[in-house]
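A, B, C and D are the chain letters, set down in written order, and residue numbers restart from 1 in every chain.
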Amino acid sequence: MDKLTIIGGDNRQKHLALILADRGITVKIYGIKAPLHHKNIFYYPALSDELFDSEVIMLPIPYKNKNGGLNITDFDWHVKPAAVFRLIKPGSVVIYGMKDQEIIDLSKQHSLKCFNIVEEECFSILNAIPTAEGAIQRAMEKTDFTLHGSRILVLGFGRIGKVLSRMLWGIGAKVTVAARKKEALIWIEEKGYKGIHLNELDSVLNKQNIIFNTIPAPILDRNKLEKVKKDCIIIDLASRPGGVDFQAAAELGLSASLDLSLPGIVAPKTAAEIICRVTYDILKKAYL
Amino acid sequence: MDKLTIIGGDNRQKHLALILADRGITVKIYGIKAPLHHKNIFYYPALSDELFDSEVIMLPIPYKNKNGGLNITDFDWHVKPAAVFRLIKPGSVVIYGMKDQEIIDLSKQHSLKCFNIVEEECFSILNAIPTAEGAIQRAMEKTDFTLHGSRILVLGFGRIGKVLSRMLWGIGAKVTVAARKKEALIWIEEKGYKGIHLNELDSVLNKQNIIFNTIPAPILDRNKLEKVKKDCIIIDLASRPGGVDFQAAAELGLSASLDLSLPGIVAPKTAAEIICRVTYDILKKAYL
Amino acid sequence: MDKLTIIGGDNRQKHLALILADRGITVKIYGIKAPLHHKNIFYYPALSDELFDSEVIMLPIPYKNKNGGLNITDFDWHVKPAAVFRLIKPGSVVIYGMKDQEIIDLSKQHSLKCFNIVEEECFSILNAIPTAEGAIQRAMEKTDFTLHGSRILVLGFGRIGKVLSRMLWGIGAKVTVAARKKEALIWIEEKGYKGIHLNELDSVLNKQNIIFNTIPAPILDRNKLEKVKKDCIIIDLASRPGGVDFQAAAELGLSASLDLSLPGIVAPKTAAEIICRVTYDILKKAYL
Amino acid sequence: MDKLTIIGGDNRQKHLALILADRGITVKIYGIKAPLHHKNIFYYPALSDELFDSEVIMLPIPYKNKNGGLNITDFDWHVKPAAVFRLIKPGSVVIYGMKDQEIIDLSKQHSLKCFNIVEEECFSILNAIPTAEGAIQRAMEKTDFTLHGSRILVLGFGRIGKVLSRMLWGIGAKVTVAARKKEALIWIEEKGYKGIHLNELDSVLNKQNIIFNTIPAPILDRNKLEKVKKDCIIIDLASRPGGVDFQAAAELGLSASLDLSLPGIVAPKTAAEIICRVTYDILKKAYL
């Protein structure tokens, strides 16, 4: 790879541009506010042929906002995905994030190799690290007590649940992890945490100082929330609408928040390194 | 103990009042802004005989500000220590913080049992926990990368150095600890961290992403700072003036900050529980 | 479950009998040398109707020896599986170990619910714990140095590789784990171990003090073994024929051993508790 | 140092001879059974002038057996310390182990610099590692269950107690540590173990699967032992007579053993490296 084009995005894309430029790659940028001063970084004010003269086109992650335009956070521009695809050269590799039909259709229409980075297992595991660490930062900020010695419940033992519980344990929290699968519960026990089946959540809810949810399903409904201690801090990491009934939480006077996209917020540089690393993995597959 | 009087202080004293009141102790308060609504908490607008009718008098930690008045952070009042001591009843136990001659003289003059809580070994060990966790929170806030996977140098292997390095290791950082004593270096090695003698600091400085200092001595002088990476984050936890030449750091464009009194700032509730716990230990000694 | 019949087996079955008898279950035994003195344990010298009057029939794990007879280690008896199946009552649940066609045929023929415990994911995870701990015990016995501070290579990051590397890390070894899948390598890195792709094994082989193999494939062939340090200890945990060319190892003067079935050897009581626990899981499924 | 003389000792001295010879030092040996084939190792059948022509004379650790002769385990020789000191050249540095008046007198009489390696703090910390690991090996060998998941009590939180509890925690045991000092109990709590004051031992004794004693005082007397579970394994690491009433333990049918000098038994090579490392430290001090 000699040239890469970045279309929009957030802080992660800025760090990504610098990382790649430092490696000697020519980085062409559209839709990110200047200035990233670097001899290998070039800004383009408009969609142009030259902008798209690159082996790799990096779209935002997620690539589209709720208005259906490309996810360009630095400007108030509305750029239709089709407008960009029209300019991408045959043979270019397109990298984007988001499960979505429109982009699959566009890629077929233009015969382009498009990769949804969010679907790469490696991307998800790597991102679990800044997500878990960001969740810990948020918990530290929201509490007037230490995580050390606190009773902390982690709902779910997927990627984020695994990393998060390991880090909390490493800090010195009293960690309980709730999961549904018997196999997961054995792994939880193997690591020394207290494991509890999701069906038996009620027996531990009233003892927790902090609850992290990682399960994208309505786990903490009003009924469950009523059993939680009044000064418990609830942090939901599961994708919208999350696993917490926030309406009920507010009415019960509980502190609950939905913290999404933490990697780009708390550790954009690490998040950019992850995008960079997985992009190279994707390119290896693309050129096989 | 049935009654305890709190004179001034900060957030920790507010939490302390609530903790003790919940245990059924009558708490008399002067110099802390209301409102802590609790049937066992009583506010006194002025120094009075009734205010001091308690077994224990809790002065601020540290008890005195730089103007020589009691450390009352909620108000702009100047209260001389002598004015308070004049009212303390014989037989009361006085608890305060700070190494200082004036209070020793006052306690002799009034024949009072006064205890400097800061000198209690248990207080120092327990406070190392919120200090270390607060330092980690600060580092997370100041960095755009994760602590996980970062090269982190901890200067000193006293109480804070021990807790901090254990927690960083638990999160997944690459921990190097610098110490002077051979025995400390062996313990560092025993725990799996990389150990380095303070004399050989130069060989590792340029590789670190974060440096925490816990040594109250001029360790990171201009000469050392010149060897540090430009994007390294330096957090100094050592008491004023700290171990970092901040003037030089600023001139070199390095991010360096002095983070003192973290327990009361990031975890006042935990800090109050520590004061409470050590106060009971002191009372046991006092009444023997 | 009120009654359970144990046919043959090893030390694990003896512990299992005691565990169940303590829970008030009537345990009928055939093919295990006495004496387990317990009011709920009954020995049967021969295959009889009464012996098989139980809800659960527990065959050995693995159930068959290389001569095709039931795996009865305490006696020199040759008992054909068919001879046992002829006596098992309809409705009984049969538990056994081993991937094998004969027993599947027998179960169909007699319309019995037969469960291969070895295929239960929970059984495999739980058994990874005594296997890993047994491997550590063997390594301690075979070395004249400490695991702490040693360079230890774990080949494979399946169940046993995961538990083993976590324990070694917990003791204080310098752990490298080799795996083939990119996802596994990221998890290895997340935990702080050094990860290496199996293709790049050569670069680390000559630095290891101990190598554990958990991969059931010819990994350490003569070519690889030639790169290993002469005083390195090799412990193979992968099922026969294992992953080590033992012939080559012997010729090269290397200490290499195949340590199979560790749970039953080093921790038969824990192994019996695992069988007991998974048996109850199986019964829940069987009676649904 | 060019030349070093080893007089007697055990397996550790053999490894030490090889380590030093590999570093190019001429090693002269008396009282250790051959053969250590190495061009820098020389055997002397009798005490001679040439044998003692070395900068450093390494006596056994402990240097004396109960008959008052040098601790020569490979042969049935009785060599009086005085007979050796008569031949040591002025200016040589003598290294030995054991708190003892005779050798202090001899060193004064002959004006020799003699160092009791056992009194070096670094030696004690370093030796705690193979001691703890050896204790774990013994526990693994003596139990028919895994340490993982077991309730394990460590008596004492000195050097060995610290290393041992960290390793047990790392393997996945449920660790309780008993100590007398409040400060120690806070450190125990900081690390996540359950801490208990030695005065309150009774409340936890009946729950333990394994007990390690590191306190050289009669802790586990008959009264305490009566509260221990019948199948608990007791391993005493405290120097003779240890902290366990072995007579009472035997009468109560408990498995209790005194495991001393573990480093030389389970990890003589590591133990030799420790002797080597501390010897260099001592020489630095000696030649200042």
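Simple rule for what comes next: a residue touches a chain if its C-beta (ideal position, glycine included) is under 8 Å from a C-beta of that chain, and two chains touch if they have at least 3 such contacts.
Predicted, not measured: the structure shown is a model, and the values here were computed from it.
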{"item": "Equivalent interface positions on chain A and chain B, same or different at half", "value": "same"}
{"item": "Comparison of C-D and B-C by number of C-beta pairs in contact, larger one", "value": "C-D"}
{"item": "Chain at maximum distance from chain B, centres defined as averaged CA atoms", "value": "C"}
{"item": "Computed distance of Cα centres, chain C from chain B, in Å", "value": "52"}
{"item": "Whole-Å separation of chain centres (CA-atom averages), chain C against chain D", "value": "36"}
{"item": "Residues within chain C bordering two or more other chains", "value": "129, 148-149, 166, 169, 172, 190-191"}
{"item": "Interface residues, chain B side, partner chain C - complex", "value": "148-149, 169, 172, 189-192"}
{"item": "Complex contacts: residues of chain B adjacent to chain D", "value": "121-122, 125-126, 128-129, 163, 166, 182-183, 186-187, 190-191, 281"}
{"item": "Sites on chain C touched by chain D in the complex", "value": "11, 15, 129-130, 133-134, 136-137, 140-141, 143-149, 166-167, 169-172, 266-270, 273"}
